[in-house]
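A, B, C and D label the chains in the order they appear, each numbered from 1.
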Amino acid sequence: MSLMDILAIIIPSALFFSAPLIFTALGGVFSERSGIVNIGLEGLMVVGAFTGIVFNLTFADRLGELTPWLSVLAAMIIGALFSLIHAVASITFRADQVVSGVAINFLALGGALFLVKKIYGKGQTDQISSDAVFNKIDVKFLSDIPIIGPLLFSNAYVTSYIAILVAIISWYVIYKTPFGLRLRSVGEHPLAADTMGINVSRMRYIAVMISGALGGIGGSIYALIISRDFSHATISGQGFMALAAMIFGKWHPIGALGAALFFGLAQSLSFTGQMIPGLRDLPTVYLLIAPYVLTILALTGFIGRADAPKASGTPYIKGKR
Amino acid sequence: MSEYVIEMLNIRKEFGGFVANDNITLQLKQGEIHALLGENGAGKSTLMNVLFGLYQPDGGEIRVQGEKVNISNPNIANDLGIGMVHQHFMLIDIFTVTENIILGSEPSKAGKINIKKAEEEVRALSKRYGLAVNPSAKIADISVGMQQRVEILKTLYRGAEILIFDEPTAVLTPQEIKELIQILRNLINEGKSIILITHKLKEIMEVCDRVTVIRKGKGIKTVNVSETNPNDLASLMVGREVTFKTEKISAIPGKEVLIIEDLVVKDSRNVTAVDHLNLTVHAGEILGIAGVDGNGQTELLEAITGLTKVDAGIITLNEKNITNLPPRKITEIGMAHIPQDRHKHGLVLDYPIGMNMVLQTYYKRPFSNNGILKFDVISKKARQLIEEFDVRTPDEFTIARALSGGNQQKAIIAREVDRNPELLIAAQPTRGLDVGAIEFIHRRLIEQRDHGKAVLLISFELDEIMNVSDRIAVIYEGKIVATVDPKETTEQELGLLMAGGKRTEEGVPS
Amino acid sequence: GCGTADKGKDNKENAGEGAPAEEEKGFSLAMVTDMGGIDDKSFNQLTWEGIKEFAKENNLKEGEGGYAYLQSTSDADYAPNLNKLVRSGYKLVFGVGYLVTDAISEIADQKPDAQFAIIDSVVEKPNVASLTFKEHEGSFLTGVVAGLTTKTNKIGFVGGVESPLIEKFESGFRAGVKAANPNATVEVQYAGSFTKADSGKQIAASMYASGIDIIYHASGGTGNGIFSEAKDLKTKDPNRELWVIGVDKDQALEHGNEVTLTSMVKRVDTAVQDLAKRTMEGDFPGGQVLEYGLDVDGVGIADSKENLSDEVLKAVDDWKQKIVNGDIKVPHTRAEYDKFEV
Amino acid sequence: MNNRLTNVLVPVFAVLLGIIVGAIVMLVSGFNPISGYSALLSGAFGDQYYIGETIRQVTPYILAGLAVAFAFRTGLFNIGVEGQLMVGWLAAVWVGVSFEAPKIIHLPLAILAAAFAGAIWGGIPGFLKARFKVHEVIVTIMMNYIALHVVNAIIRSVLSDQGYKSEKILASASLRSSLLQALTDYSTMHYGILVAILTALIMWYLLEKTTRGYELKAVGFNQHASKYAGMNVSQNIILSMVISGAFAGMAGAMEGLGTFENISVKSGFTGVGFDGIAVALLGGNTAFGVILAAILFGALKVGALEMPSAAGVPIELVDIVIALIIFFVASSYLIRLVLTRLKKEGK
């Protein structure tokens, strides 16, 4: 296979693989930038996947074309509401944020499967219909550009582009708007923010709910585009990969985007690798672990240290120093 | 319409049973600088935090321009034209000066912060009040002095008419203090009124109109500065006589304990901070290093104590070469160190004060025995030190965090002095402390000297240097530019040398 | 299927009036699932369907004295679950999947007079019947289908986690392709998991992009990703010919037949029913290994054949005959495959 | 109010609240909480057999919990227990099948091998953190996946001939005992529980009584002050992860030498490592707390298996109850408020 062929294979598949991670990692960025550690991302994705699939199965015949979009919307809303639990616990009740995050993960999986059994009388849902999913597209005009056209703009899902767009928007919001400035101030030095008349709890509530919404989207597009159903194994570790992407990206939206894309590339490279003469003779295990080893090497080699927002993990209690 | 812009009447504030403010009354006249004076932990910050809306009073009332008000949060304080420069700066390191100033009331158009406009406004303000800042610099990269000017700008940006300064000078160099005092005057001329918390009586005498003294949470008395003097104020605040000039017998210098030859150290940004520096400290003397902040003091210290790498030169302690040795080796050879930043280096704030007392010695007998800690021994030692150095804490099991900076500092000094080292390094040992505590600490340093130990004192406070040192070395741009005898020099001369001026034979500045 | 719950109900009802109790001779049976649970769309589900079918015929009620299942949430649950069922007095206890092997042989020793059956694995104990399937033979037929259907002469196989069982699918399939179409090549990949749909989708993406037009998968939930990729490529370009071959059940029923070429079905359900019947009639084949192959239709290709041309079906039947007659021996390891000649 | 009393009451209330809310969930979703919980209870403690199974489940939870807790106490977050557990399991079985030896040698050797393997797997992230400041959370997550695939590959290529599982370990390396089986009516309980409790004691002693523990905690609280005080920060970070990893590896040994007596190809994570995070946090990252939390956790998990058959309640409900308990423990501030209220009214 020529390099071009290989790229033409791995880049599109990296794009759809990364999209859910991008959304979810961005959610993590919002939450942690406001000072709330969120290792509940996994759980938020579960809730998103569950909602997306159930909504899709329930309304597909009535909503037609719009079904996938509305499924994602539903997942977004439910994700945001679900994350309120984390917000209440860790902001209002000053819970240890890691503990609360862990609880979120248990609650999400337990609750979702419990409901699936209630609703469908079995442990996993049916496959959603092919008429109610996002389709692969070639972007008009762009896909005709030589070289990058086929690589970047063909055989892709619109959600991947939305993910990248959302990453850029997030960067703008966090670094260019008053809201973003306040968000970061609350995550760095809540007392200072308070003295500047910023409502610390409110900012943190908003941030956590944004992370819930984005996590919900991430989970739903994973389920809608990749697994097409929901079961105990649909979301198994992607949330933690998103967490890794967020840290890898140094709590920065564009960084998180880059990290998520990196994971996607590494993954699809390792699978495509199995078909490249020479590499195919390697024992499979080398290719299976390659993405993770690459990540560690990348971190060690040129990413290096990253500092979390100063106040992340610590509840803000008025009048305490 | 009363003559007072602010009236705090019988303010009471408790922290879980502990009475921090016990019916304190403070009245601020339009256009005056009103000093608030009290020991560490007397309740000054608490009182001001009440006025600024960070704490809610448990009793009493607040009036602004004669109107009774309820300041339930800082927003309301801002709206009432009250601004506060906090004791522990409220700045966000990773933000720029401008971002810190506009935070919470950002000029924006189409949802985007208009950073250009903001920076212009900041420039205008800093010009008007003579508060030199670089609007686009990150807080982490600017000097403490500039950080404080940023704090002041924050309040002015919000149109504050009444400004509260909580121990603004504790962290400043003499130069910066001079500038600050000028700034305060400008502010008054611009029609502002000021409450100034400070432990430095000299400053009160210099700029303030009236002063309110509080002790252990109770209001003692309010006097016109013109009708009082430092000694009266000191005894009012401490509740006993305080001597300022710590008198001491003249030193009998012995052998050379610390010898530094051609030391070169690079700072974190890898620029030469200590530049071929030579220095010697003898047994039985206190060598004071005078200098403006940022002339290499920090790097010099870290080099001597092994916290940072030496690029060239040799450091000798007790005839042993300690250049680039790990901190523990150096400690064992006989060095103790009262660090500049007590919270960052001095203490493990989440450990009980007792455990902090053995921070460098826990692994040695009698505090531990082949790897097993001996808690009874440690507690005994801790109680002894707490007693001896009068560290105000319920017991040795209280975590260090809950102590006032003043008492935290005493604990550190107790620990370091108790190791009875050949060389004691004291960096800014009295920063932020009240005169009582300062007097106590100075006596301890001199005691060490009198036991024939070498003491290296680094301070930005000239009168501390002048008071305590037997010899003064002036550091400028990483070099020792002069060594003078405190008896034969003047603050003016030192100030000049610290600014890089030359020195003539007669010791009269040219 | 969705209706299971109600089915359960109504046969409870007619059990209530219709069949008198003594007719059941108190026979009861139960199963222990692996982590997949009774609706894993694979052998757990098939076993459960077999049990339910049998129960229906013999008017057994769900619950003690009738039929039941216990789900395992981790490998550590197999032993306790098996033990539970024996202690609740079920006459015949199924363990499903090779992962349950050790647990069964252990409990079988502890409870010598209980009767067990293990599916997909062998336990040599007097009180354990082992039901295995000649997946390689069934896979051989799907290989034949693939070999004759491919336009590009490039075919893919995707396995879940490498193991002897999946190796049977792989070897049999490759042999079938080789037999039917020597010019076709088979690309083999393992996802390293039975649950990573994203890996499945990425593998499928790269395989289809590299010109492969048929993928046979033996990778459980990972296969979902393969189907979703195939469907999306098909939706985008309806004239494009690409296929997935399903496994265990007739996956066309679940994924539709626009991309499902055929499926290699394991009639676990019928095997379970046979065994249950024999056991109820007092003819429990303890200690025996019952191998279900093409000969007894224990394995084979699925009923939905819309996508299979007559000559393909014809070829399939011929090869099936050859195998049943023993004219050719289908390899079930890579080693045997390498030696395999037609 | 009496602080010690509160500290005892808070978790108790948290558990009660969790169970109550769980009951409400059952009610609204049409199940009978009484039968649900009695099934849970009998499934966990019903008779000696179930007790045996519960103890067997508690054993690895204790060790995994200790691993997470130990790292937490020194300011590190070890999400990699899962992977460290797997390599430990592999190492233990490897030693268990490789050669014969008297039990006094063979069994300890196998456990040590597991601890050692886990220590290396945990030490790598520790080293990368200390040396390159790489965030331990990412590295440990990545190491989990690497462990999964590498362990599977070794089982197939080294411990078996392309098979799916290793040989059964030799009796001389087994933690099982006919005595325990007789006592618990053939449960899979084994002597590992003693190992786990011993390890808890060791952790407590190490952290609370020794100079090493003093250093580790100091570094966890404030690296600058520790460096100033002459401690070797990097060394302590690595050591902390090494010890944490060793505990996790021993959790693997419990599975390999006790519960399963072999190791088979895994198609996914065991989950014990992730549950360990919850156990540690529930237990307040203290050795004793971890033991209690592990018992609670193990009982819930084992008891849950009984709920579908005996009460028709889906297993997942237990995850919900667990989650709720964790929430209420975390939100102890709320409970403290309530308790102080009650006290006030009492007066």
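The criterion applied here is as follows: a contact is a pair of C-beta atoms (placed from the backbone, for glycine too) under 8 Å apart; a residue touches a chain by one contact, two chains touch by 3 or more.
To keep track of the chains, here are their UniProt names: A = ABC transporter integral membrane protein; B = ABC transporter; D = ABC transporter permease.
Quick caveat, the model's predicted, so the values are computed rather than measured.
Two chains share more touching C-beta pairs than any other pair, namely A-D. Rounded to whole angstrom units, the spacing between the C-alpha centres of subunit B (ABC transporter) and subunit D (ABC transporter permease) is 47.
Separating the CA-averaged centres of subunit A and subunit D (ABC transporter permease) is a span of 28 Å. Centroids of subunit B (ABC transporter) and subunit C (each the mean of its C-alpha atoms) stand 76 Å apart. Within subunit D (ABC transporter permease), contacts with two or more other chains are made by residues 149, 152, 268. Shown for subunit A are the residues in touch with two or more other chains, namely 233, 236, 284, 288. Contacts between chains, counted with the stated touch criterion, involve the pairs A-B, A-C, A-D, B-D, C-D. The residues of subunit D (ABC transporter permease) lying in touch with subunit C in their complex are 49, 53, 56-57, 148-149, 152, 156, 162-165, 168, 181, 186-188, 255, 259-262, 264-268, 270-272, 301-302, 304-306, 308-309, 315. The residues of subunit D (ABC transporter permease) lying in touch with subunit A in their complex are 25, 29, 77, 79, 128, 132-135, 137-139, 141-143, 145-146, 149-150, 152-153, 157, 268-269, 274, 277-278, 281-282, 314, 316-320, 322-324, 326-327, 329-334.
If you check the complex, the residues on subunit C that touch subunit D (ABC transporter permease) are 35, 68, 70-77, 79-81, 83-84, 87-88, 98-99, 102, 107, 110-111, 160-165, 167, 192-195, 220, 333.
For subunit C in complex with subunit A, the residues that touch the partner chain are 2, 4-5, 35, 37-41, 71, 162, 187, 189-190, 192, 195-199, 201-203, 205-207, 209-210, 221, 224-225, 227-228, 231-233, 235-236, 254-256, 258. On subunit B (ABC transporter), the positions that touch subunit D (ABC transporter permease) within their shared complex are 305, 307, 326-329, 331, 337, 339, 344-351, 355, 359-360, 362-363, 368, 371-373.
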